[in-house]
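You will see two complexes here that share chain A, one where it goes with chain B and one where it goes with chain C.
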Partner chain A sequence: MPGGRRCPDCDSTELVEDSHYSQSQLVCSDCGCVITEGVLTTTFADEGHLREVTYSQSTGENEQVSRSQQRGLRRVRDLCRVLQLPSTFEDTAVAYYQQAYRHSGIRAARLQKKEVLVGCCVLITCRQHNWPLTMGTICTLIYADLDVFSGTYMQIVKLLGLDVPSLCLADLVKTYCSSFRLFQASPSVPAKYVEDKEKMLSRTLQLVELANETWLVTGRHPLPVITAATFLAWQSLQPSGRLTCSLARFCKLANVDLPYPATSRLQELLAVLLQMAEQLAWLQILKLNKRSVVKHIGDLLQHRHTLVRKAFRDGTAEMEACEREVQGQRQGEEEVGDSSLDLPVRKRPASPALLLPPCMLKPPKQLRPTPPVCTVTGDENISDSEIEQYLRTPEEVRDFQRAQAAGQAAKSLPNP
Partner chain B sequence: MDADSDVALDILITNVVCVFRTRCHLNLRKIALEGANVIYKRDVGFLLTEERNIYTFIYTYSNGKIVWYMAERENSKRVGSRHLNCKIHYKGFQVIFTDFKVVNVLAVCNMPFEIRLPEFTKNNRPHASYEPELHPAVCYRIKSLRATLQIFSTGSITVTGPNVKAVATAVEQIYPFVFESRKEIL
Partner chain C sequence: MEEEETYLEFYLDQCTAQDEVVPPRSPPFSPVTSYDVYIPNPSNPEMAFSSHLKDKETSGDFSSVDLSFLPDELTQENKDETVNGSKDEVEKTCKTQSHQSQLPLPKEQDIDLGLNGSGLSSSQSHLHPDDADSVQPSPEKPTSDPLPLASVASMKPMTPVSECSGIVPQLQNIVSTVNLACKLDLKKIALHAKNAEYNPKRFAAVIMRIREPRTTALIFSSGKMVCTGAKSEEQSRLAARKYARVVQKLGFPARFLDFKIQNMVGSCDVRFPIRLEGLVLTHQQFSSYEPELFPGLIYRMVKPRIVLLIFVSGKVVLTGAKERSEIYEAFENIYPILKGFKKA
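Showing the complex of A and B:
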């Protein structure tokens, strides 16, 4: 109660200060009587000077929710409902949107960016609750370009100081595989192509783990790898009827888009499986190729940890092994010396392949050619036959003196 | 290999950005008409010059501020800046070479091992950001040095900092963290 005053109508002491359309008033909370009114304009520091302040500088902008913000909040709620997210996610996403909207850079941004902001808030909320949702899905739903989305996303994470965990691969596999329409017979899916969901999921997960161990997932978009792994898992469960089906046809049957890099991921995964198959004794004699190795994926995945260790070697271990080999060879040469014994040369077993990211296994790009190192210093001795080339004729001496004089005269003239 | 053992890493400086002032107003139109390899962006208000022999891009503003992108060494950058100053001088402007400052340095360093990026991000959460859908590298920011590192799974690290010392310090600071997350077949 300010100043111990009483309402003149009802003699109540319950007086409150209320700002009605930026005009401060002292009002009785019992009868509603307006006791005093303030100045209509909003001022900040010096009320006595009665300076007018524009709406954008006043606090009114922060107290009221603008139309675009209301539209954005509605879009956040709609997006959460479309994705069938729990209600707690919706509240969190709305809170993030409101927090972001308080920053002047976002408030003054274009409508396109505000629309993208809706998707960013929903994506951050899903990530924090380990709900598998990709940026591609959000961009498709809000009709946004991935470049614009990525810029806004990074800006918001930095602005709000949020800790956004990485996408969980296992959850993404389960969600993405569930969207494949291969688990029930339909007019578009023949009976021989229908597969049990649990079996396919478990095999796909194992293949994705294998791809993760062998550098096929790190630094790459996850969806193409998951698509390739799902295709291989599906083929390997009933290879007899499915080996003839291509990846593109598989995606069409499953009613799923074929990501562009999925074909190369499939080839890389098959190459890894072939390397592993060479370590199994009963598969070495079969001389497998990329088509026939699919039939034995079950056996390979069962022993994948051992096979990966046998089939591949570390890049760093390789360097140390090479150094030891070179030292051993040098010692061997010293010991043998001039021995006349012709010992049979032992055939070395095939060494395991290097386990490196695929970009390191490919030949490196040709670098810009370095210019040849110039060894001429200018202090070399001049031979007698060439000495005449370094001596000036009298005409050349005269011309040189004239040019020098002209240059000095030009320097002495004032600059324009 | 041990994190504490002496490891010699080569840090290769690829790009340097520097700024200097000419202390006079520059008529960009005149320089554009009389200069070679010049693009005049009138709507944005700068002149873009490309010096092919030293692989540089130069942004010249009419207030006399010149921003120089790309060279291989800081020394050659200073020499090149004076060279550019002389070029403008010969077009009739009373230029003075002042306030030379290296603003940004980009360097590349290769670790002798591969790095597990998801594990590295998990262990260095607030500073490291990994979005494989957007970029294949982890972005690690060191606020105290104002340096940003892009760490790739191949072990290659791209460092951006305000000067060469900050870049070297950033590489020293990041080494133990990437060593913990190096790839090994168990």
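Showing the complex of A and C:
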């Protein structure tokens, strides 16, 4: 190779520029002596940049993958790192994303959907490893609406044929409770509000289990129940100082958002606790209400299994018995118009209440009177008059057209 | 007897023909081949013989025919493949095979099948007096004895009442489509009809409503129409005909082709609370329960292909059916599963 250089060993002019594992070297073709070496890193065609090329770019692994898919995979990895998930989760989530991308419906979807798909893959991975991640959290992280997210999530579960286990309630309680800023005194949290984490966790878990047993969790979003349970647990551990604090204030102190249904979950949980309290001899005489029962939550939780069994009878058998009873009564006297389920509770307040979901305990809605079963064959004659009633007369048509034209004219007038 | 000889010859002829030709009738699920004989499995040559025989003879009296060669499994197969003995079901199967029956084929489907249906039902009622309650049949009740005129046909025992749920889902909504087969001027329809609304920027169809039966129709400029809101198949058909009549009166040459029920929605109440978390654990391949998204459990039943929404209060919504019987069948399938979750 011309250039005036000679091999230092054999003085040959036959020098060849060769690359050894992407490192360029000037080699003597006679004796094999390496005269100069280039840098191991390569530069772009525009040498002025002198930038390093990453491994993924120098190998061919991304050549088959479209740019939007690459972007999505990067987002999946970033999301996993933000959530501080174990590294195995990252690989699984990436695999799900790639699997989803093989379907033409996903490839052709809008960017918004692809963005939401990132969240779906991470959520499915977490669910399958029993990592408690709520959809609300994912939606806030990827700036998506819950309804858009839900559509994509249901679609992708069906498309990939995945088996996604339910959210693990116990783990969710632990992670959610740990996020409450009540375990250390701070300017916003007075000393009497500070609580021990372990005690609060165990009591919250017990309260959530109680809620689950008494039909307060099925069919409802799990988070508000846990918020209400955490609040009650916190209050009951030191009732003297904390009864004055409301749920909203509690959440503000703890730096946690108050979910809207939490107040009604709180009321339902207190009602259950009151029912249980009526079965404890030393609490019966105290005539507790929703505020005072908080002081005795510790006792109630200690004996919760027996109390639930005693306080509530099986809803199903009782419902049929009640209905028969009410029917018998109805034959005799006039009914005030209450539900058959409400009646025994009101007439005999001391007896056990029905263990039913709250939606079944409410009085049934006034059903629209079912129209009489008219035997329609579908082939009846349709009278002309019946059809005429739906048609406009020529005068009405003219009036309507005139009104429409006037409306259009008014709209087209420029605003003053 | 010579009668038997002729029939035997017939049978043998048919058998040889049977070997190469697939029997022209029988969608596999439908037991009705000709209009008064239930033959569940016509691929069986012996069955085919009877069906072909019926085809040839309009009103054959078969009491003298020796049908003892028919296998005993006839009853079992009939039980497995038998569908609801609902009038609509029978009418429909009759309709699909109307080209094979001896009844006159209506040229257009707007001539109602009532003629066929009533003819069929009368023969049915004659043969199955105990099956008179065709309005709300229980799918577990057997439809009929397969060869009503034959002495050999064995009766299936009726399933005891305790197996039935005793609850009948009520139909809440029927969606049907029909082709009016003419191009429509939607602006003209919206102008001349009082009960129509048309906003082309929002949706490219006229939305028309009638009071009786209380329904809504979407009428497209291609002449296709969707009718929703009816509570029964007949009401849906009547409503669709009324909409077609309105369009006719507005001056368009509307016809009534290809009326088809596309979806039926039913609902009922089992009257006990259901542990949805338990149900999703045991039936996870069919169920989807996401309390963060929707309070009900979505159960996708495979046979019949129906989607059920099951709620904690015990209310069940069934949708995706093309036939009333599918809704009833789906509910009868889900009821024992739900009963298993009655006790918490």
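Heads up, the rule we're going with is that the second predicted complex is superposed on the first by the 274 of 416 C-alpha atoms of A that agree within 3 Å, B and C clash if a C-alpha of one lies under 4 Å from a C-alpha of the other, contacts with A are read in each partner's own complex, and residues count from 1 in each chain.
To be clear about the criterion, a residue touches a chain if its C-beta (ideal position, glycine included) is under 8 Å from a C-beta of that chain, and two chains touch if they have at least 3 such contacts.
Worth saying up front: this structure is predicted, and the values here are computed from it rather than measured.
Put simply, more of the residues of chain A are touched by C, taking chain B and chain C as the two choices.
When the shared chain is aligned, chain B and chain C each come close enough to touch A:L355.
Once chain A of one complex is fitted onto chain A of the other, the partner contacts of A:F400 are limited to chain C, with no touch recorded for chain B. Legend: residue contacts after superposition of the two complexes on their common chain; A:Y390 is shown touching chain C, with no touch to chain B.
Of the two partner chains placed around the shared chain by superposition, neither chain B nor chain C is touched by A:N381.
In the superposed model, A:T218 makes contact with both chain B and chain C.
Once the two complexes are overlaid on the shared chain, A:F312 sits against chain B while remaining clear of chain C.
Once the two complexes are overlaid on the shared chain, A:S179 sits clear of chain B and of chain C alike. When both complexes are aligned on chain A by C-alpha atoms, chain A residues 134-136, 146, 150, 153-154, 157, 163, 165-167, 215, 218-222, 314-316, 319, 355-357, 359-360 touch chain B in the first and chain C in the second. Taken together, the chain B residues at the contact with chain A in this complex read 1, 92, 94, 112-114, 116-118, 121-122, 125-126, 129-134, 136-137, 152-154, 182-186.
Residues of chain A touching chain B in their complex: 134-136, 146, 150, 153-154, 157, 163-167, 215, 218-222, 308-309, 312-317, 319-320, 355-357, 359-360, 415-416. The touching residues of chain C, counted against chain A in their complex, run 112, 114, 170, 191-195, 210, 212-213, 231-238, 241-242, 245-246, 249-250, 271-273, 275-277, 280-281, 284-285, 288-296, 311-314, 342-344.
Here chain A touches chain C in the complex through residues 134-136, 146, 150, 153-154, 157, 163, 165-167, 213, 215, 217-222, 314-316, 319, 355-357, 359-360, 370-371, 376-380, 382, 386-392, 396-397, 400-401, going by the rule given at the top.
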